[in-house]
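Two complexes, one shared chain (chain A), two partners (chain B, chain C).
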Partner chain A sequence: MQTISAVYAYTFKEHIRHKAWLSGALFGLVLLGGALIVSALGQDERGRLMLDLGLAAIEAISLVSIVFLTVNLILVEIESRAIYLILSHPVRRADYLLGRFLGTVAAVALGMAVMAAMHAALLGLYGWWEPGRYLAALGCMLGKTAVMGALSLLLSLALTSEAAAMAFAVFLWLLGHFSSEMRFLADRSGSAFLKTALVAFSHAAPDFAHFNYRDFWHQPAPSADWLMWAALYALAYTAACLALAVQVFEQKEF
Partner chain B sequence: MNAIRFQKVSKIYRRSHLGRTTETPGLVELDLDIPKGEVFGLLGLNGSGKTTAIKLLMGLHLPTTGEVETLGRRAPDVAVLARIGYAPEAAYLNKTLTGRENLSLFAALSGIAGAQRERRVTEMLVKVGLDKAMDKRLSEYSKGMLQRASLAQALVHDPELVILDEPVTGLDPLAIKEVRALILWLKSKGKTVLFSSHDISEVERVCDRIGILSGGRLVKVMTQDEWRGKADALETAFAAAVVRTDGVGPIRME
Partner chain C sequence: MKRRWLGVAGVLFALALFAGSRLRRLHEPRFPPLAELTGGPFAFQDAALAVAGFRAPAADLAWIQLLQYTAGGVPELPDRPGHPYEHLKSLSLRVARLDPSFHRAVLFGSSILAWFHGIERPDEAADLLNEGMRRSPEQPLYGLYLAAIAYKKQGDTDRMVALLESSFDLPETPSTMKAILANLRQSRGEYREALALWERIRDNERDRSEHARAKAKIAELRALLRSRR
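Moving on, here comes the complex of A and B:
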C-alpha cells in the first residue's frame, strides 16, 4: 500500500506541475466564448445552453486529457529511463501501474472539479441550480474518464507506439457510443463473420450508454440502481483493462 | 557466502522486423561469484555486456538461459531489491520533483516507514552534499548534483549490496575522487560493491577483483595482487583480453 501511495503521489504532483492547469484555462476560454454567444438569448435558453455547452466541454477536455496522459504515462518513463530506478526498488509492477493510473485519474478529476466549479458559478448567475443532477452528471463523466484512461494505458503498453495507441483509443471511444447499434446490426446480419466481428467489437469497446446522463436529465434525479450499475460497470471495465495491462507490463524488459 | 552469483547465464536480444528476427548476444555463459564484502569491478568496452549483467541482477532483464542470484535469492525477486542499491550510468530521475521529494519517494518505495523516512532523507541529502539544494527541483540541478541525487537514492535504504553502473563517467576530477572515496567507505562498512567502468585507473584503485568482459564473455578475472605495484599491468591485461565487436577500427596515424 505504501508503494502504491508513493507512486500515486509523485504521479499526481508530476501532472499538476506539468500541465493540469491548462485544462482549467482552456475551459475558461470555452465558457467565456459561450457566454458571449448566448448573451443575446432569453434567460431560459441562456441557462440551458450554458449547461449543455459547459458539460460537453468538461467531458471533451477531460477525455482528451486522460487519453493523452495515460498513453504517455509509462512510455515517457521508459523513454527517459526513469523506470529503471523505480523498478530497481522493491516495487511490484502491478503496484507501480496502479499508482501511476490512480495519480493520473486524480489529476484529471481535480481538473474536472475546477472546471465544474467555474461552470456551476456561471450557471448560478443564470439562475440554474440543481446540484443533485449536476453531481450525477459529473460522476458519469468521471466513470467514462476512468474507463478511457485504463483502456488507453492498456493500448499504450500493448502497442508501444503513442500514435497507434491514441488512434485505437479514439476508435474504441467512437465505437463505445454505438454498442447497442452494433449488437442490433449483429442480430440482423446474415454473415457469420460480420456477426462475430460486431459482437466482438461491441463487447471489447466500452459501452458508454451506461454513463449517458442525458437519459435522466428530464427526470428529478437518476435512480440509485442506475447510478450503482454505472459505477459497477466503470469499476469492472477499468479493473479488466488494468489487469490486462499488468499482464503485458510484466513481460517487458527494460 | 556470495552476494552475487551468475551460473551459466546467457542473454540473447531478439529483435523482429518485417518477419525477420535478428539475435544479438548480450552475455554468453557467464559464470561469476562475488562474495559478500568484496569490491568487484566489471571492465569492458561499449557493448561488452556490463550493463546487461547489471540489468539481470536488478530484474530489468530476464536471462535467456542460466540462473542469477543476488543475496541468496534467485533473480528476479522483488523483495530482495530492498537490500540492493543501484545507480545507473546517468541520473534517470523525475525532474519535476525536488531533491527532497525525489529521495523521499525512493525511501518510501524501499519500505522505510513515514516517521523514520524524513530523518533518513535529510541525513542522506546532507551526506551527499545536497542539503542546501534539497528544495530545488531536479530540473535546476547540474549534472554533478544529479549524479549525487542518484547516488543518494541508491544508498537511502542502507543496502547490503551496491551496484554502480559507470559511476565516474562524465564526472569532473573532484567528483571522481569523491565517488572513489564513497566506494572505499562502503567497503569499510562491509558492503558489497559491484561497479562497471571503462576507466582502468579508477578500477585498479578501489577493486579487490576485476572481471574483463568482451563480446558478452567473461574473458579474464584478476585479483588485486596481479596489478598492485605493477605499472600498467591491468591496462596491458585489458588490451590483450578485449576484442572490439562494435565494427570500429583503430585510429591510424600514418
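Moving on, here comes the complex of A and C:
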C-alpha cells in the first residue's frame, strides 16, 4: 500500500508539472468560452446549450488527456530505460502500475474539477443551479475517463506502439457509444452468426451509451440505484482492464 | 501462478457485465437509432457527433441551424421561390430525432408552420407534433397544440386562441408562439388583449429574444388604442 501511495504521489506531481496537461486545461477553457459564445445564439435555450456544450467540452478534454497520458505512461519509461531503475527496487509491478494509473486519473480528475467549477460558475451567473444532477453527470464522466484510462494503458502495454494504442483507444470510445446501435442491429439481423458477434461485441466494449448521463440529462432522470450500478460498472470494468494490464506488464522482461 | 491476473480480470469482467445488465434494465436512454436520423446536408455532422456520444450537443447545434434557417435561411438548404420555410419541418424533425427531449424545437417549428402569417401549413405542423408526442409523450404542449390545430381547421378561432393562451406562461412555450398569439389578437382587432400579451412578453426574462419587438408593438398598440378613442 505504501508503494502504491508513493508512486501515486510521484505520478500526480509529475502530471501537475506536465506541460501537455496544462495546455489541455487551457484548451478546455477555450472550449468553455466557445460554449458561452455559441450558446448566445440559442435564444430561449441558452441555458441548455451552455450546459450541454460545456459538459461536452470537459469530457472531450478529459478523454484526450487520459488517452495521451496513459498511453505514454509506461512506454516512455520503457524507451528511456528508466523502468529498469524503478523495478530494480523492491517494487511489485502491480503496485507500480496501479500507483501510476491512480496518479494519472487523479491529475485528470483535478483538471475536470477545475473546468467544472468554472463551468458551474458560468451557469450560476445565468441563474441555473442543479448541483445534484451536475455532480451525477460529472461522476459518470469521471467513470468513462477511468475506463478509457485503463483501456489505453492495457492497449499501450499490449501493442507497445503509441500510435496504435491511441487509434484503438479512440476506436473503443466510438464502439462504446455504439453499443445500443449494435444491440439494435443484432435484433434486426437475420444471421445467427452476425447476431451473436454483435451481441458479444456490444458486451465486450465498454457500454458508454448507457453511461452517458451528460447526454440524456434532459430526459427523465435515472434512479439512485442506477447511479450505484453505474459506479460499480465503471469500477469493475476499470479494474478488469488494469488486471489484464498487470498480466501483460508482468510477462514483459526488463 | 503466472496467469493469476487473467483469472482476476475474468471475475471483474463478469461483475462488470452483471452491473451493465442491471444498468440497462434500470434506465434506457430514449434516443432513436442512428438509422432514423434525417438525411440531407447535415447528415454527416449529426452522425459523427452521435457516434462519439454527443447527441445532446448535436441537437443543440441543429437547433442553432434551425434558428439560422428561420432568421433568413442557410446556404445548404435554399427555399424555392414561393415556398417559404420549405425545410422547416425536416429541420425541426432533425433536432427531435437527435434528442427527443428537445421539445422546444418541435413546438417552435409547429407553431410557425401552423400559425405564422403567410405559411399556414397545419398538416405539416400536426405531423411534427405527432412524432414529438410519440417520442416524448410526457410533454403536455404537444397534445394542446394538436387540439388547437384541430380548432383552427374547424374555423373555431375563439376556442383555438383560448386554448393556446392557457399555455402562455408555461416555461416550454416558445417566445415565437407568444408573439404569434399576440399578433393573432391584433389581427382580430382585439388591441387591448394584444397589448396585454406583449406586455407579458416584455416582462418575462425567458422571452428576451422578443423584447425588442415587444417594445415596438406596445408603442404601436398604444397609438392604435389612443386613435380609437
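Quick notes on this structure:
Convention: the second predicted complex is superposed on the first by the 219 of 254 C-alpha atoms of A that agree within 3 Å, B and C clash if a C-alpha of one lies under 4 Å from a C-alpha of the other, contacts with A are read in each partner's own complex, and residues count from 1 in each chain.
Here is the rule we use: a residue touches a chain if its C-beta (ideal position, glycine included) is under 8 Å from a C-beta of that chain, and two chains touch if they have at least 3 such contacts.
Values in this document were obtained by computation on a predicted structure and should not be read as measured data.
Residue contacts after overlaying the shared chain place A:210 against chain C, while chain B stays out of touching range. In the overlay built on the shared chain, the residue A:56 is in contact with chain C alone; chain B does not reach it. When the two complexes are overlaid on their common chain A, residue A:88 makes contact with chain B while staying clear of chain C.
When chain A is checked against chain B and against chain C, the one touching more of its residues turns out to be C. In the superposition on chain A, A:218 makes contact with chain C only, while chain B stays out of contact range.
Judged by the touch definition given at the top, the superposed model places A:237 against chain C, while chain B stays out of reach.
In the superposition on chain A, A:174 makes contact with chain C only, not with chain B.
By the document's definition of touching, of the two partners only chain B reaches A:13; chain C does not.
Across the interface of their complex, chain C is touched by residues 38, 41-45, 48-49, 52-53, 56, 94, 173-174, 176-178, 180-181, 184, 203, 207-212, 214-220, 222-223, 225-226, 229-230, 232-233, 236-237, 239-241, 243-244, 246-247, 250-251 of chain A.
Within the complex formed with chain A, the chain B residues making contact are 55, 58-62, 78-82, 84, 86, 88, 90, 92-94, 96-97, 101, 105-106, 108-111, 113, 150, 153.
Residue ranges of chain C in contact with chain A, taken from their complex: 2-3, 5-6, 8-10, 12-13, 15-17, 19-20, 22-24, 26-31, 33-34, 51-57, 60, 63-64, 67-68, 99-102, 104, 138, 174-175, 206-209.
Listing the residues of chain A that touch chain B in their complex gives 2-3, 5-7, 9-10, 13-14, 17-18, 80-92, 253-254.
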